[in-house]
Amino acid sequence: MSMLVQNMQYIKKRIAQGERLDGRGFLEFRDITVENGIISKAEASARVHIGKTDVVVGVKIDTGTPFPDSPDDGIIMCGAEFSSIASPDFENGPPGIDSIELSRVIDRGIRESHLISTEKLCITPGEKVWMVFIDIHILNDAGNLLDAAGLAALIALKNAKMPKYDSKTECVIHDESDGNLPLSDVSPVPVTLYKINGEFLLDPSWEEKAVSDCQITVTTTKDGNITAMQKSESGTMSDKEVMKAIDLSVKEGAKLRKKLKL
Amino acid sequence: MMGGTRPDKYKKLVVKGKRIDGRKLDEMRPVIIKAGVLDQADGSAYIEVGSTKILAGVFGPKVLHPKRLLDEDKAVLDVSYAMLPFSTSERARPGPSRRSKEISKVAKNALEPSIFLEEAPQVMISLQLDVISADAGTRAAAITAGSVALADAGIPMKGLVSACAAGKIDGNIALDLCGPEDNFGEADMPVAMLSSNNEITLLQFDGDMTKDEVSKSLELVRKGNEYLWSKQEEALRGKYKEVD
Amino acid sequence: MSMLVQNMQYIKKRIAQGERLDGRGFLEFRDITVENGIISKAEASARVHIGKTDVVVGVKIDTGTPFPDSPDDGIIMCGAEFSSIASPDFENGPPGIDSIELSRVIDRGIRESHLISTEKLCITPGEKVWMVFIDIHILNDAGNLLDAAGLAALIALKNAKMPKYDSKTECVIHDESDGNLPLSDVSPVPVTLYKINGEFLLDPSWEEKAVSDCQITVTTTKDGNITAMQKSESGTMSDKEVMKAIDLSVKEGAKLRKKLKL
Amino acid sequence: MMGGTRPDKYKKLVVKGKRIDGRKLDEMRPVIIKAGVLDQADGSAYIEVGSTKILAGVFGPKVLHPKRLLDEDKAVLDVSYAMLPFSTSERARPGPSRRSKEISKVAKNALEPSIFLEEAPQVMISLQLDVISADAGTRAAAITAGSVALADAGIPMKGLVSACAAGKIDGNIALDLCGPEDNFGEADMPVAMLSSNNEITLLQFDGDMTKDEVSKSLELVRKGNEYLWSKQEEALRGKYKEVD
Amino acid sequence: MMGGTRPDKYKKLVVKGKRIDGRKLDEMRPVIIKAGVLDQADGSAYIEVGSTKILAGVFGPKVLHPKRLLDEDKAVLDVSYAMLPFSTSERARPGPSRRSKEISKVAKNALEPSIFLEEAPQVMISLQLDVISADAGTRAAAITAGSVALADAGIPMKGLVSACAAGKIDGNIALDLCGPEDNFGEADMPVAMLSSNNEITLLQFDGDMTKDEVSKSLELVRKGNEYLWSKQEEALRGKYKEVD
Amino acid sequence: MSMLVQNMQYIKKRIAQGERLDGRGFLEFRDITVENGIISKAEASARVHIGKTDVVVGVKIDTGTPFPDSPDDGIIMCGAEFSSIASPDFENGPPGIDSIELSRVIDRGIRESHLISTEKLCITPGEKVWMVFIDIHILNDAGNLLDAAGLAALIALKNAKMPKYDSKTECVIHDESDGNLPLSDVSPVPVTLYKINGEFLLDPSWEEKAVSDCQITVTTTKDGNITAMQKSESGTMSDKEVMKAIDLSVKEGAKLRKKLKL
């Protein structure tokens, strides 16, 4: 947050004039690139760049004890960490509130859409189920982390292989695979709208994010339903703005799904 | 939205327009709000929404150390939401969880727009939200009580913030989900609003709804919040009446 | 501890003259009020006000593994936390030393008096027993926290219902009850004497507590025996003063038991 | 007072006035106290009471950062009691437990009355109490050693503080309980006393006693502490003798 | 050196002078080094050694608070090595382990001799080493990448530090052990060297070797480090080429 | 590190002249004394003084679950803590990096030499094995902690008795012994060489340690093989110096083994 006040005012002024510093339209994403399977030991991984924003998601699958109130269901765990190299603002240590909020919004999008068929992840009811760990790691924060993280998580999960379970020794064999992670075809995609000067922008740079009043993330599924929402930061929104954000997210989510074949 | 197996007694959440606790779809649980309930805090409030019970206490504004936590240009609002260990079915371990940290943040974001933070730079206002008894809707009730506690502490405010949730149960959009409705329903959407301009200061959602259902839910929570604003004002008036 | 030195000297001076600021006798309690069952999800709860001091105790009962050296006995866990709204002095965080000492003194009174019949809390010897969690939460500190907490804990325990244990599914059903928590009829009550200017006072206000030299808590049972004691803070006491404190605690404990029907 | 099942060999704790380790009821375990046993610390002491073995070390007085831990009007005594992981039957996890934190506090309260704290405002005196081998009575022995370490560091003192416990075993009041007596006895009462005025600076009690039994226990610990004061003085004299 | 049971496919680690991944005994895994790969950091580098993949980022020099962490006489290098949770076969819990703390320290000690720390007193240089994918040799690769990141940040340096390991597998001394060789081999010795004077800045060893085997291993790692220095320089030149 | 610069320069100057402040030769140890069995509750203990350096090691043996990748092997855990009385530099709290490095170097020497026959510490394969906890506690730091700790650990392990395991109750009986801890006859001894002004010194005082450039610990076994090495601190060494340090460590390790009958 070491931006000069003049810079911030300049960005806002240009946005009031309908312009972004890098020449993009308000609802235009930067280039998105995806790398798959970069981590040899993970059950799946994806690294997503949106512009210079750089997020890697690794998926590990292991066995564990089910929760008492859902003894037949596998378990989803989703965490996020900012590397201290991601931004001059971050410091190492226990996950800060920003990374907790980020991971919880991504988590709800995945969980509530029933993307992962947890009912197929039971090994022994009440005793042993598969646990799916989704770990988000922010390597470079150049804005719009949430959408980048959401895409990386979805892409990694779509490529995840189940490790083999040896029922004799009751051991997991991580380097042998046993089919795909069972998923339903909902492809939840989070799209975040940032409110600056009363306007909605998509995919802000780090500087644009710093001058935004607030943001709303809307996660939608393939059928256009809403599965998670989160208004964040201290600005306010009207009912109308919320409904407009939903419209935009449904539309942009569909575009991303098509573009990235999700 | 918790996804556990539904026991027999909750097989149907809505029968002939009535919910499991007898309420209509657009009806809130009974609400009690009191202001000025604590001695040591600079401001305080107590709320009951059904059997959800929360105490809110404010200390400040005060100058705090370390100074780096303060802001040169405006007051800092520090919000801490905590479930007491005995407030839930399974004993909650003391200390902040990831869930409580997220709620502390969104509650802070929900209340900040109501305060003239620029009028008191370089000070901190601390708001503690203690959930004594939890039965769904704790973040919404905590925000509602928190706003009353801030007003009770004499913090200069633009308006009151209240919050309630709408959700979807067995296909019906309903106001203010209770515990089993939250556990076995299809969606939950807590929304906080600022009384002075009707703007939304908190919105979260998890579950599954169409766009039209979200729109209908927003209408419902607006009505809920209008009711809560009147209860908040009543509580603050009630306190001053006692004093007179 | 932001009391002015003048205030402290004035309080001491008045006590030297045999007077308390609020007109009470040295051995007189403020009004005590009790609320039961305010927490719907707890197996029992009690909120006790002594004057403006405000303490809530919740009791949760769940299953756990017994300690290896007492495989047939249930387990008692007692903790205390100060809410950060209880006093301008407290801050959130890991339990401070004051709350640890408070909970350990209450714990010893309950444990050593054998109030809870732990031998009746065994489900499967060596494997599964009932655990009784006693959580003390200080909501407002206007003096004499220990006596308030001790009364609230005793009252909550006396009202505690056992949750149902389904031996088929090996699950606890928290919202169905299965009789009372098994207690013996000892009713341990802690009474704390505060030494100010060589005099003993009961039930101090926050300000009186701040000027006291030290304090001694004596927990006695119905039969007048002593079950726990703790001298606290840095002042000293003679043998004679300790014996006098015991006398007073026995007497006042009996009064409290009668008054609150414990 | 631990309440576990009593094994056969401890079925009777007192037979014909003799205890399981052959002591009489009013007899202490063998006590060894040494002063000045460490090199780096400003003051130190070592104590053995039976097979309970404790090292005490003092650093200070010194000016410490952060300064907010210091007191404008008097020296601050910081006491830290720790059981080394291998000191007990079951390995103790390193790091402070609730028990060790409470003992640190009561030991601090027990030792403060012996120090002229007002003579050295704005400094800190740190006292570390390391339990190397534990067999009941560790807090009492730690306080006794701590007082010698403080004196060895040249801290201005009003007198020495020593501590020992009396307890009840099979209905008898006895001095200085050993491990099995502590585990299977009926009550334990550690008491610290200041040599200069015979006042009690620490008193704790758990178990079950009548008022008369407490009174008898107080008499017994007084005798115990008188013996310990002489051993403490001997240790401090012993050290200076060596130097001469 | 991990000592687990050796599965059939790793029964022989060397057959006719070839290793399980086809390499010769003195052959390194394929190495890729890139400089300047991150946007926000002041300097950065990426390394692949086989499927070991590491990102290094530098912030600084900067003046930090609390000031007591700074040194009056020279710059402070703060190194933090972290395995990302998904980098290993079993998910690693986030947060520093004892192992990662030790590696952070030895990496710091390995890199410090390469920096003119005295030229910039009272500032801190922070180096983060993130292991994205781990397959043996992560500390060595992290040091190699860290040195490039420091150079990329424009820190004044005496030379580059690179590191690689030699080890013993089925009785043979071999360069740059891969995962199974590390797990089922007899010894591993990572060594870091400074390009400007060929001095050793890190040396660790665990396993079992004779003196002669250690000597032979030192020769092997020297060749490995000479190769790595050329790759490091290439990466730094490559970055400036791109810029031109 | 509060040594005056003059002192440090004086020590270095004298070493350049071939002299140590206390008159010892560069490769001469201070007096070493050993006390055994000082801790009644530990399975073994040893306290080693090297000069005024004072280290105590306790060994506790208990049961636990084996690691999945070595289901038939016992477990070794080695930790170190500096008492806050050991030196004005240390503070209490989570183990600092110096104690972590110290314990990990000692651990590797014991583990890699196969001193403890972990394969003989299995009770039920895959389920229950013996765990050997080696806890190092530094009581006074007057230099050369690592060698003192390594000797104390080796001596304690050589004296360790197995507690009795009652297979009926599945309990460990700590105060009954069941033979010796199974060891092989390798006697790993760490010897640390400190480099000051280009010279190697053994067994430095605290002040000599403070002026040394770096150090290398070489742990050797009875047969003269190397089982662990660690160069520590920021100075550098040539290949030749490393080989010289190995030579010296083999020689001095053999002397220590003979002297202390290890």
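For clarity, chains are labelled A, B, C, D, E and F in written order, and residue numbers in each chain start from 1.
By definition in this document, a contact is a pair of C-beta atoms (placed from the backbone, for glycine too) under 8 Å apart; a residue touches a chain by one contact, two chains touch by 3 or more.
On a predicted model such as this, the values are computed, not experimentally measured, just so you know.
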Show which chains lie in contact with subunit A and also with subunit F. E
Measuring centre to centre, with centres taken as mean CA positions, what chain is farthest from subunit B? F
Of all chains present, which has the mean Cα position farthest from that of subunit C? E
Using mean C-alpha positions as chain centres, tell me how far subunit E is from subunit F in Å, no decimals. 27
Express in whole angstrom the distance between the two chain centres, defined as the mean CA positions of subunit D and subunit F. 31
Subunit F, residues touching no fewer than two other chains: 95
Contacts with two or more other chains occur in subunit B at residues none
Should the pattern of chain-chain touching be classed as line, ring, star, complete or other? ring
Take subunit B as the starting point, go toward subunit C, and spell out the full loop of chains. B, C, D, F, E, A
Footprint of subunit C on subunit B - complex, ascending: 38-41, 44, 51, 53, 55-59, 80, 82, 84-91, 94-95, 126, 128, 130, 132-135
Subunit B-facing residues of subunit A, complex: 69-70, 73, 95, 97, 100-101, 103-104, 108, 111-113, 118, 214, 216, 221, 224-239, 242-243, 246-247, 250
Residues of subunit D touching subunit C in their complex? 1-5, 98-99, 101-102, 104-106, 108-109, 112-113, 187, 189, 194, 197-211, 214-215, 218, 222
Show me the residue ranges of subunit F that touch subunit D in the complex, using the header's touch definition. 38-42, 45, 52, 54, 56, 58-60, 62, 79, 81, 83-88, 92, 94-95, 133, 135, 137, 139-142, 174-175, 206
